[in-house]
Structure formats: C-alpha cells, structure tokens
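Read from first to last, the chains carry the letters A, B, C, D, E, F, G and H; within each, the first residue is number 1.
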C-alpha cells in the first residue's frame, strides 16, 4: 500500500463489502508500521511519496552512478511503484534492466520507465509545445513523464514565434488543454505568445539551446520570468520532468 | 459583452427562454463588430481579454503616469469589467478615484480594485503562505488579486523554515488547497518544504527582501528554480499578481 | 559648410552655373582649413561629423552639467548645424534656451532640438513600435531623433505580444516601412514576432521597464540578442536615439 | 512559387504577355492552396518564408541531428529554394550530400550551401571586417551567407585597433559599402572606430574569441552595445549569419 | 617537532621528569633553527603550519602535476606529519604511493591519506549531512578530512528537504553534535532547516550538483549565504575539505 | 520558562531542594502547554527558539514597519526574553521605546537591545577585527550582538592588509580568541591573512564598502569564499549579526 | 622624519657636514622608536607609509564620517605629511578646514589637498586622457592626485574613438609621456587605441559613465581587461586616484 | 630596419662616422617606403610595431591554426625580428620549427621563442611572484616573455598569504625590483600584501586556478581590482604575457 490509488481501492472495497473492515484495519496498521523510507546508505527511498503527493519517488539520474540508480530502481519497483528515472544514460539503463527486466529506455528523452498499476488517470489533455527542433529532447522528457503519470498528451513541435502561422493554426488544440507545457530556447518568447492566446495555465521550460548570449539558457529563462502575458510560470532550464509533474498535478485536480 | 461570464449568461437565458434567439443573435453580432481593443494612443485596451482568458485586462501601474492609469481604468470600467491596477501609488489612486469613484485602494498591496459582475467563482481555496513579515506586501498583492478573481483564499504568514513547527502545524490547510502560492525572500527555501509535504501545485514567488548576496531577490529566485521538490513552478521576483493569476486559472479549471 | 547637404548644394550650384568654380574653390579651401573640431577644454566639438556621417554631432546630456551642454549647443548652432541633445533635463533646457532661444524641449522624450537647413530627407518611412505604454519615453526618443534626422515616421504603440491581434492588424504598415524600430521591455519578445512577419530590417531597443528578474532591461536585451527570427539587430538598453540613427542611415541609403 | 522572385517573374510575364492571366490565376491559387509549411514531425519547414522575408528558411544546424538536417534540407531543395545550413558539422554535410548531391561544404565557415534560381541580387557591396585572425571563422559564416543571399562582398581581415594604420588604409572601401559587418572578439572596439570613420550602417558581431574576463564574448558584446559611435547595432555572439542576413536586407532595399 | 602534539608531549615529559630540561632546551632550539618551510622550487612546504594551526599543511591536488604532488607528499611525510592530499586523481595516487608506500586512496572522496602520530583527538562528534545521493563525493571529502584530523564523525546521507521525515527522525544525532557539516546542491535549503532545529554551529557546503539555473552551485551558494536561520556559515562550492577543517577546529577548542 | 537558562535554573533548584519536584512538574507542564509561538497575524513570534538554539528570536528590522517591530519586541520582552533588533532605524527605536522603555539604541550598529536574565555566559573571548574605518558599522553590529549573547569581546579596528605591521602586532590577541570575526570590504583579503596566522575558527564578513567592481560587496564575498587559508567560513555581505551568532555558538560549546 | 625625502635630506646633510653624525643618529633612533602608526580607535594612521612607499597615507573619504576624516587629516598633517583625501564631500571639507585651515577643496575632483615639503619630484610628464566630457571628474581625481605626488601632468580631454582625428593630432604629447592614464566609460576602447599608437605604459581607468548595458562601468572594465593592445593595465572603475598613484610610482623610478 | 634598436644603432653609427649620412638617408627612405605591414590574407603582420612600441608583434596562438601561426612566425623572423608565440600548443611548435628551425618551445609556459638581435636591455630586475604551485604556468608565461624582452628576472614561487613568513623573508628582493608581477588565483590577495610592503609598481595577474565560486578566476580578478593597497594595476585572467609586456615597458623607461 504505497499509493493513493491503493488506499482508495482498499476503502472502496470496504465500502462495497469486498473487504472486511477488520482485514482493512490490519493492512492499514501494517502499512503505517512499515518505515516510510528505505535507507540504502547512499539513498533513503521515500515510500510514502505517492500517498503524500500522488506519484512515487522519481530518480534523477544526474550525479548518480549506474549501480546506485539500479539499486534505487529495484527498491521502488519491489514496492509495486511505477518507476521513472530521468537524465539516464544508456549505461544506467543496462544496470536497471538487469534488476528490472521490463524497464524501457526512451533514448530521445533520456528516461527509463516501468509502469505498474499504482497511477491514477488525469482528467484532460496536456499540450506539450516546442519552439524548435532542438528543443525536442527536453519536450520528450516532459512528454514521457506526463504520459507515465497518467495523462493524455498532445505534441506540437517546431511552432516558434518566427513563423506565427505555424502556431496560430493550433489554437483549437491549445484552448482545449487543461495545462500547456511550452519548451523554448533562445529568447524564450513562445510562452508569452501562447499565454496571450488562451486561458490555460502555461508552464514554461527554458532550454539550454542557443549560443553566445544565450548563456546556457539564461536568456530564455529570464525572458519567461519576465513574460508580459498572464498565466505563465517557469521551471528550471531543461527541466522537462518538473514541468510535466506540475501539469500532471493540475490535470489530476 | 466583454467576458466569458456575460457570454455564458446570455446563452443560458436563451436556453431558458428568457432571451429570444433573434435578440441574442443581434447582441452577439454587435459584440463581435466592436473593435477588440480601444486605442487610447498610448495604450490599446484589450476588451476581448476576458473572453480569451477569463479575466479582463489588468493594469500594471509601474512606468505609467497617473493620468494614463486613470484613462485606462475608466475605459475598462465603462465596458462593465472588473478593474485591477497593480503597483499603484497613492497618487495613481487619487487619479483613478476621480473617474471611478467606487474604486478601493489596498495600500498594503499597492493595488486598486473595482469589482463588477463579470467574474466567475473558483472551485476551491488558494493558500497564500509567506515566509516572513517582510514578504507580506507581495503576499498581499497575490491575496487581493486572487480574491478579485473570484477565489476563496487562506493566508498563512511568517511560516519560514527557520522555525518548522510554525509550518508543520498548518499541514491540514495546505493539503486542502487547490493551489498554494508561496512567497519567500532570502534563500527561498519555503516552496521546497511545502511541496515536499503536499501534492498540490505550488507557485513560488521570490521576493526582493534580503540584503547583500540576496542581490534583489536573485538568491531566492535561483533557489526556487532549483527546488529539489516536485510540483514547484516560479514567477518573477515580487510578482504576487502573476502567481495569483495562475492559481486562479488552476482554481477555475 | 559643415554638412553633406551644404556640400551637395554647393556642387549643384556650380553645375547649374549659379556659383562660379573659383568661388566654390575658395569656399572649399576655407572649409578644410577650419579646424575639424573646436576645443572647449572640456569638449572637442566635432564639426566634420556631418560630412563624415550625414548628421552633425549629437550631444548626450547624461553626465554633463547644464552649463557644459549649453556651451556645446551654442557652438553647434553657431556653425549652422541642427541641434539634438538627448537625456536632457528641464534644467539643461533652460540653459540651452538662454543661448539658443529657438530650441524646443520634448519632455516625453527628454530631448532638446533646434532644426536648421543642413539635413537631407530620407526615402521612406520608419515605423516605431512600442510593446507597452511604459516603453513610450524610449520610443519617443527614437521618434524625435528620427524626425529631426529627416525621416517620415509612423508610431505603433502598445502592440505587445500578449495581445497579438493588436499587432497583426498593423501588418500593412510594418511591411511598408524601410526600417522598423521595436521598443520593448520585460521579455523583449516583440522584435522576434515583428521580424517573423516582414522582410524589413528591425532594430530592437530593450528598455529598462520591468522589475525583479528584468535586471534593468537585461532580460529584454538577452531576449533580443537571441532572437530566433532573422533580421533583428540590437542597441543598448533604452537607447532610442541609437536605434533612430541607424534607421535613418538605412533610410538615407 | 515559393519566393518573391518567382512571384515577380510570373507577374512580369503576365505583363509582357508571356503568360496568360488565366494561367497565372491558376498557379497563384495553387500556390496559396499549398500548406505554408511542411510538417516533418520534428520540424515544420516554412515555405512562405521567402515570400514574406526575401530568403527561404535557413537551417541552424546547432542541436539538430544530421538526419534531421538532411530531411529538412531535402524538403527545402525540393521546393526549388536555395539551401543554407549554418553551424554544420562535416558529419551533417555527409548526410545532406546524400540527399542534395550538389551541396557544398565551406569548412572554414561551417556552412552547407546549395544555390538555386530564387534569390534576387543586392544593390551594392557589403564589407566584412574582422579584427583578428581568430575571428575569421565567424567572418566567413557572414561572408558565405551574404554571398548566397545575392550580395557582392569585400573582406578586410586582421584590421584590429591595436594597429590603426591597417584600418585607416581601407577607408575608401569602408565608405563605399552599403553596409559593414564588423567581427571582433576581446574588447570589441573595432565597430566604434569604423562607425566613427564612415556614415554606413555597421552591424557588429562579437566573437567568443578571447580568454579570462572575455567570458565567452561577453566583454566584446557589452563593448559593442555601449559603443560611443553612432550607427552601430549588434547581433548575438558569433552570429555571423544573423549579421549577414541584416546586411543583405539593407542591401536589397 | 613539527606539531602541537609533539610540543605538548615534550613539555609533559619534562613535567613528569621523563625528559631532562637541558635536553628539552636543545631539542627546542634545534626545532626553531630549522627553516620553517622547505623550498622545492615550485613549492614551499610549510613545516610550522601544524604548530600554528593544529594540523600540517594539506596539499590541494587541483592544478598540480602528479610529480609535484608526490614530491610535496614525500617532504611532509619525512617530517613525521600526517599527509592529506585533496582533489587527487588515481594517477596522483600512483605517484604518491611510489614515495609513501603506506598511503591510502579514497576514490569516493578523491583524497590520499597517510596517518602519523602527530594529530590530537577532538572532543565530540561532527555530523556530516548530505541532501542527496549526488552530494556524497563532497560529503566524503569532508568525512575523510574530519576523520584524519582526529574527529569522530557521523554520516547522515540523503536527508534533503523534499522528504522532511527523513531529516526529522535524526534530530537526536544532530543535537548531539559539536558541529554539523551540511552538504547540499540544487537550492541548498538543508542548512537553514537543520540550523532551525538545533543550536549547533552549521557549516554549509554548496555543491555543484544540479543543472540549468544551478549555475555550477551558485544557486546553492547564494541560498546558504542568505539563510534565514541563525548559525549558518558557508564555504566555497564543493569545498568539503574546508568545512571539515573548520569543524575540526571547533571540535578541538 | 522560555530559555535554556531558565530550564537549567529550575532543575538545579530541584536538585538543591529549593524547588519541590511537584511544583517543578507543574511549571514544566504549563510551559509546554503554552503555544510555542505567538501569532500576531503578520508575525509568529517563536518562544521556543531559546530552548532550541540558546538565544531568543532576534528581530531583523529590514522590511518591517516600526509598528510591526514594536509589537514583536513587546511580545518578546513580555516573555522575559532578551531583545535584539538589528537593522533598526532611529524611527523604529522610538516605537520600541514606547513599549519597552528600557531599550537601548546603538546608532553606530543600528541595533536595539534590551537585556534580561535569560542569557548564559560564553567561555572565552571573541575577537572582532575590521579591515578599515568604513567597515566599523558592520563590525559594531557583530560586537553588540556578541556582547548581548553573553560573550567577552575584543575589537581590533583598521588592521587591513595594506599595512601588515598593524595586524602583526596583534598576533597575541588573535591567538587567544576562541573565535575571530573578520570584517572587510574591498578585496576581502584580511580573513585569509588572519587564518594563516592562527589556529582559531575565523568567520568572515564581507562588507558592501567599496565602489566600482566591488559590486556591493561581491568582490569581498568571492575573495573570502576562495580563501587559500584553512579555517575560514563566510556569512552574507554586511551580516555582522550572523557572524556574531555563530561565534557565540562556538564560544558556548 | 616620516618620508623618504626627509630621510634623504638628513643623509645628504650628514654627507655635506651640515649635520653631525651623532645628531643624525639621535634623530634616526627617535624616528624608529616612534610607533609606526597612531591608533585613533576607529583608524590606525600609518606614519611609515611614506618611507615604505614614497607617499604618505591617503584618506579614502568614502564610508567615513566627516569627523573621522578630519581627525585622520589632522594626525597626518601634524606629522609634516602632505594630505590627500579622495571622494570627499563639501561637508567633509568643512570639517577638515577647521583643523587644517590651509587645506584646499577641488570640487571637480572631490579631493581635499594640503601640500607640505615631503614629496619628491617625478622625472617626466604623465598624460591624462579622457574619452568624453562626462569622464572628466574621474580624470580630475587622477590629475589632482598626480600633481600632488610631484608629477608634471598634461590633460587631453574629449578624445574618444568616435572621432579619431581628435586623438591622432595629439600623438606627439602621448609619445613624450612617461606614463599615460586613459579614462573612459561606455565601451572603454580608448586605452587600446592609445596603446597601439605609442610604447608607453598605459593605465586604464574605466568609468561608471554610460547607461543600460554599461552596468555601472562593467562594460568598460571588461573591454579594458581584454584589450588587444600591449601595454594596458587596469584599475577599478572610477579609480582615478589609483591610476595616478601607479603612474607616479613609474614616473619616480 | 624594423626596430627601435636598429634605428638607434644606425643613428649612432652616423654620429660616430661609421655610416655616411647619405647612406643612412637612403636606408631610412627605404625603410619608410616598405609597407608597414604584410598582408597574408588571414593576417596583417605589423612590421612597424617595434619602432612604435619597442618590441615586434607578438603572436597570440589562441584561436589560430598551426599553419597560420607558422606563416606569421616565418614572416616575423624573416624581417629580423625576435619571435614570441604565446598560448602555443606542441602541435603549433612543430609547424613553427619547420619554418624557423632555431625556435624553442617552453612547454611549462606554452610559448615559442626565437631570439634575434633587435631587443634592447632593460635597466633593473622584474620580480615574478606566484601565490601557489598551480599558478606557475601563468607565471612562467610572464617570465619567458620578460626575459625575451630583455629583462633580468627573479622568480618567487609559492609565497601565498596563508603562510606570510614565506613572503616576508623575500622583502629585500621585492624592494629591489623595478616592477613586480604578482600571479595569484583563488582570492587573489597577494598583490595587496606585496604592494603594502614596497613602493614598486605591482602588476597583478589573476589566474583561473580555483574551483566553485572562483568562477574561472573572476574572484581573483575582482579582488585585485578592489585592492586596498596603492600601486596595483591588473591585467586579464591568466594574462602572464600582458603583465610582462607592461613590466618590460616600465623597466625600459
């Protein structure tokens, strides 16, 4: 019992008479007795994250060794939780596959996933718009994350503001979304234009794409923070995962 | 007819037979014939904003003269729209009051408001948490904005991370919110801690409160962008209005 | 003889027989004998600037005392040159008016002008677009400069990207321009959108309008430098004068 | 019919009677019926760019895979448009050559080109001045771009301000240009000196050449933005392409 | 006699009668006659450091060749001093082992150590807390340093603020420490929370772990400098050694 | 009972028989029943701070109104706690004096103090060294804070590195300290030199004194963070209070 | 005897027989017995500075109260030393004049001076070149300092690179100098051009003159540090005094 | 005749009667007729540099291909000038050696040198002090440059401020110098301390040695620019060559 969904399932079964209240009580006590996290020495895997926040702990691959990633992944999967590793190298995938044979690697997004039955479905669609072809890896990290978290998604790629007609033709899809993730490098102007067109929460992801005075995505980041349009909030440079997690929270409200 | 609400009211009256379809058609044609914005020379007031985005155009007082603010305010109110002026000086209020006598000035938030019947009600509560006493003006800008946009709000002030027990005691209110605005200066750590406690979208507002290496809020901004917790997105430094607008969009979904 | 126009006038008169070649020769020798600049101790007024660059030396008021400005202004006007002082305070204007009684002060643009017969006319129109009402002072510095330099201008104010329809309605005027000056603060996205719509050189002027992570116009500056659209070049923050001078050079080609 | 030139050719043939008005009408309808862009999934190739802006869409190689570049290149060439890929690796060239056999690789400029009959000729000469030997790759990107866009060009390399006589000897060529591109790293002083000598629009390109407090070209960029000379506008660090595109726009006016 | 401990041992033996005062005097004169440092040409090894500061000179491996490191290491060990080389590559270790066969390499911390009898024992325990798994290398540099300097240490890893229960469960160990080293990347919020829980000096070490707007640890650094909690001081990014040295000074008071 | 000292006093009286265990029990229960903080609406005054951290909550005057400061001060004093307000204006002092008549204002340090019997005495001396005369206000903030927290202090002012003999003459006092606070602006070199002379923890305080490339203390801050000497940790620019609080924690170990 | 000059005078008198060796010995002993500095509590006035460095201690007015400045000035003058106070307000001058009646205030340079007989004469001329009229205050700080330190100076003002002929006409004076101080704001290009013309050490002083991306002189500073010309070293922004002190050291070699 | 020395030799021979005035006249005319630079297409080699500035043009290897470096080197040597290539790779050396067989490579300094008879001797000694072992490569670039330019040099390495006794013991050598180059990374405090000890011009070279908040040498650079000591000027990060060139100019006065 490490997710909201499992908890809800249990209570529904009690309500429907499929589970005896005494049994349910036993299972609940057992669940709370379990340590809320498992200490692997180098990591404390948080098993109550899903109850608290609606999705199990996600592993940020950056700065961890393949062995560490695999050990954490094994622990998460063993508890019945869906697995998501971001910023994962092909090497890390090999290590994970050895302990979680069913895991999938999405090379374009650099994420490892393994789906289990603990994730609830979101209500509407999340649009993921990318300004240019070079922004696609970050957009894909967002797309894979949002999908795994139970959301329907819609990709709109290469709709940057230098050719507005490419964007204006997609107004219907944008308006229909419950949340829009806008991924853009360079001057990062796309979120402002999108938020000016529709009344949907826009989560802007600056990318490190660009050169010179882009300063690794700083230009896009500052542009998005200073958006003249209403409804834009911003996550860290290249943080496709973070944007998707927020969009998913909104889509599950 | 300059808002979603007016449009919906009309259609409902047609459905209930209170308004004749032919009449409704006339009114709709007239509305679409009207210019979508009024050109005052120095400003083009956007009268379709509310239809497009759910709330009429908001006036950012910063960098405008009191006379300009008053002229725009008069134009907005004349169309039957609710008025919100942010970053408004007492002087600007005097000018606005002369043309919109019923306008109110919230000095603690530096905003001018005038409420009309064009705003729909949000679904749940928005929590506005502020780390320290000095962050209150920004929090109040968010609170006044969110209220005017039709949301129930709950203020939690002075709950910074240096005294965790002040925050941990408010867990119930935090979990019950549909969106949480977290306002913090200095190191900007509060959004991470809040987002770690609950599964609600957190909109983080860095403030320029601090000194030295705070660099006018840069430290808090960077801290929030680099949050290790899932579910945090960020708006510009001191942008209480922007955070409230996003929270309101989420709360109206 | 301190301008291209005077030189051209002389040569045309020689061609038409209105001036005798010997006379013309005398006048030319005299002109070249004159020192190319006048040393006032604290300033060396450049009297060949107009011959070299098509417009007499312009006085940047910033950092000069009113007395210094007035002395330079008197020297420029005495040579028959058109006078332009930028970043001029009302106080500086008083000092200038005492020595150049016909000088005009444009308070909205903070410039002092005095027109003489030494400026040639440009070929087409320069459009000056401003994203928001707060950007108008910088736009006006550009407009006054461009006019004084002999150009027809067209102002399009408050056409920021948060309400695209305000801009899209002006496509015809934008396409008809020989150069477009785009003035914008905050995220500085307007030049990218404009340059994507038309094939005209766009000179982007970031303004210091904004707050927080605008960092005094840095966000807009970086945004413009990283424009994804072709045809955008950038001048210093708030440098309306500089943009107008370039647009005028282009319009006089 | 994807360029201004093709459109003009058609209309001239109608005027001269070489094409029947009815035929022309058919062709125009067909052209407008075509989608203005081709959606390749990862990219939307903009086929009206040339009509709108005078030159077909240019491919920025940075951040794209060789396969993506080749696919976009094939699409552009198939429409009869001239091809320009910037920041192209030798690897990308191999991929492009496979689908566009006639394409050329300019290794010194890192650009791939393939010329077709859709580009109109500019009016005068564009001078490309480089301060030092190390700035040549960026200058060559500008030179190759400007040539492909139909301009006569003149290269002046290694004319930095530490040896003024090298520059002063080229005054005649500088004055004769319709636009001057000045490429410089380190302190970026060359544009100021050039713009002080002549009355021609100067497009300044800071390069990332330098070390230490050059901060990847930031010093040169700031220097150029703060130029004390009139007539200097600036593009992004190392953006030779962007400078050439602007110079070409000016040269085609 | 190159350490405080040796000096104290000698004086205690004089006090206890084990060493004759005349002998002690001879040895002291000899010690002071020795040059306080050994000049190796490229380095001046400081042999009085231990007397002055309680621990012999530590070798920062960064920027030194393996040969230089080995030569300095040999000189230090020859004087009877404990050896600590930080930021040491495996290559440097090979060179050191050739001249100091008993030296140990701690790959996780990138330090080389060789323990001798010249270090006094600290009084209490130093806690080393790390926010995430990726911060462990820096934490280990601190841990190895603190141990070598004679301190008992306690490691608490992966106790970041996104899962507060992991930290709150360790309150007893934190309160019992004489100094706490807190290692954190990203937003660097952990030191504020720890310092708010206990009344022990906290030495905060920002790490370069993170991406995007982490700017190589700058975000964490600024966060820690702006801590709203009392009792936090900060060392350079990734400077685990520096933090341990300070904690050890405090623990030896 | 809001301080460690009061708790210790009570337990000692129980031990000595001066207080009856039953009475003590009553008083303890009452103390724990009291809310750990008092919610004033705009501030939650933390009354357990002293128990947790050894000194009552300190009021940072910056960004608070005089009325807010006075209300918080009254609340703190009413609980029997020592009062310290930093960054306090003369105006704030007037407001505080009205509710805490015995409060003192130290204008040179901009702090308000009111001493009560709840602070324990530190063990040794804290040296406060200031590089230049202009650094004295920050040094005084540290000095007043350290004194109020129960420490003996020793001031060494104007001992900057440009005249080393002024510092070298004070070596004895430096060595005798249990902690040294070093306050310096400009290049911030003094902490490195001091830490090289002695084996005492050095807390470095950069000041905003300087001009130009001092960037408001950034130069000194970076200098101190990069100290080549062992034993230096750093607090925020101008944070004399923070340095004193840490030194006091060390001096109370 | 607090200066090199006094020491030299004495020794010359001994050599010439004007002073008896025994007398000289007495005076020397007395001089060395005197404390090398006077401790005023808030300042330690360094009376051996002149012997060590050739000019008495200079008072930086910035951040000191008028009373502190006056007290230090009195102490310096009483020892027979020449007085120089930089960054002095008119208010500070009033305080100094009260204790040093003969002191002079140079308002254009914001320095207070009082000349005594302890300064030796330099060998050649120091040229002080300023790019623009607005740079004159900093140039004057340099000029007054250099004069007081015993140097012949030559001012060349308003010789910026936008009008090269103004500079090229002064080549003879530049070549004749023993050191050249170049003061420039904006892009700071003048030192590179000057150093390219002559083989004389150039000390570059960036000024905070400029706006926008000048960032308070940062652009000029970076430009000067990255100078492509040989022979340029740089001092802090607006540090006219520092440049003059170095030029004077060179001129006294 | 491409150097001051050759010019001086000729004139002395005329004076001594060794060369006939008519011959000398011929040679001088020929020299002035020669182009002052040789245009290699990618570089214009400046052959009057030595006459103008006392040392022939130096080749900065950074950003040039080995072939370009070799071609320039050949041109310089062919004119009888001494060759100095800085930032030269081993690869570049191979290319140079093929055309200048006698050239030497100093790997520790990354410079290529070839000495000819055109350099005059300096008057005194230049001290080159380096704070740490890691700063030696930059110090060696300075040392090799200064030697080649005809100066006696004295190396003082590893004399950083963390162990002052290592520096204080070298006071005599420091005082005897005509110029001191101080090379330091980290906090860059050494120049301040050196300049406080002696009255000799100090040229400070920040190095990129350090980590974390060193920001590639920025911390050291800012520290040096903000030096509280008189007599310090600064060159670019790692610019050992530039410092040596200035010191040599001073030493040749």
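One rule holds in what follows: contacts are C-beta pairs under 8 Å (C-beta built on N, C-alpha and C of every residue); 3 or more make two chains touch, one makes a residue touch a chain.
The shown structure was predicted, so the numbers you read here are calculated from the model rather than taken from an experiment.
Identification of common neighbours of subunit A and subunit D yields C. Placing every chain at the mean of its C-alpha atoms, the farthest one from subunit G is found to be A. If you compare B-E with B-C, the chain pair joined by more contacting C-beta pairs is B-E.
With each centre defined as the average position of its C-alpha atoms, the distance from subunit B to subunit D rounds to 44 Å. Inter-chain centre distance (subunit F to subunit H, centres taken as mean C-alpha positions): 50 Å. Chain geometry summary: the mean Cα position of subunit C and that of subunit F are 56 Å apart. Touching of two or more other chains is recorded for residues 132, 163, 196-197, 212-214, 218, 221, 225-226, 230, 236-237 of subunit F. If you check each pair of chains against the touch rule, the ones that pass are A-B, A-C, A-D, A-E, B-C, B-E, B-F, C-D, C-G, D-G, D-H, E-F, E-H, F-G, F-H, G-H.
Interface of subunit G with subunit C (complex): residues 132-136, 157-159, 163, 165-166, 185, 209, 211-214. Those residues of subunit E whose C-beta lies close enough to touch subunit F in the complex are 4, 52-55, 58, 178, 196-201, 203, 221, 225-226, 230-237, 242-243, 245-246, 249-250, 253. Note for the complex: subunit H touches subunit F at residues 131-132, 160-164, 186-189, 192-193, 195-197, 210, 212-215, 218-220, 222-230. Residues of subunit F touching subunit B in their complex: 36-37, 39, 41-44, 46, 48-49, 60, 62-64, 68, 72, 87, 206, 208, 216-218, 221, 236-239.
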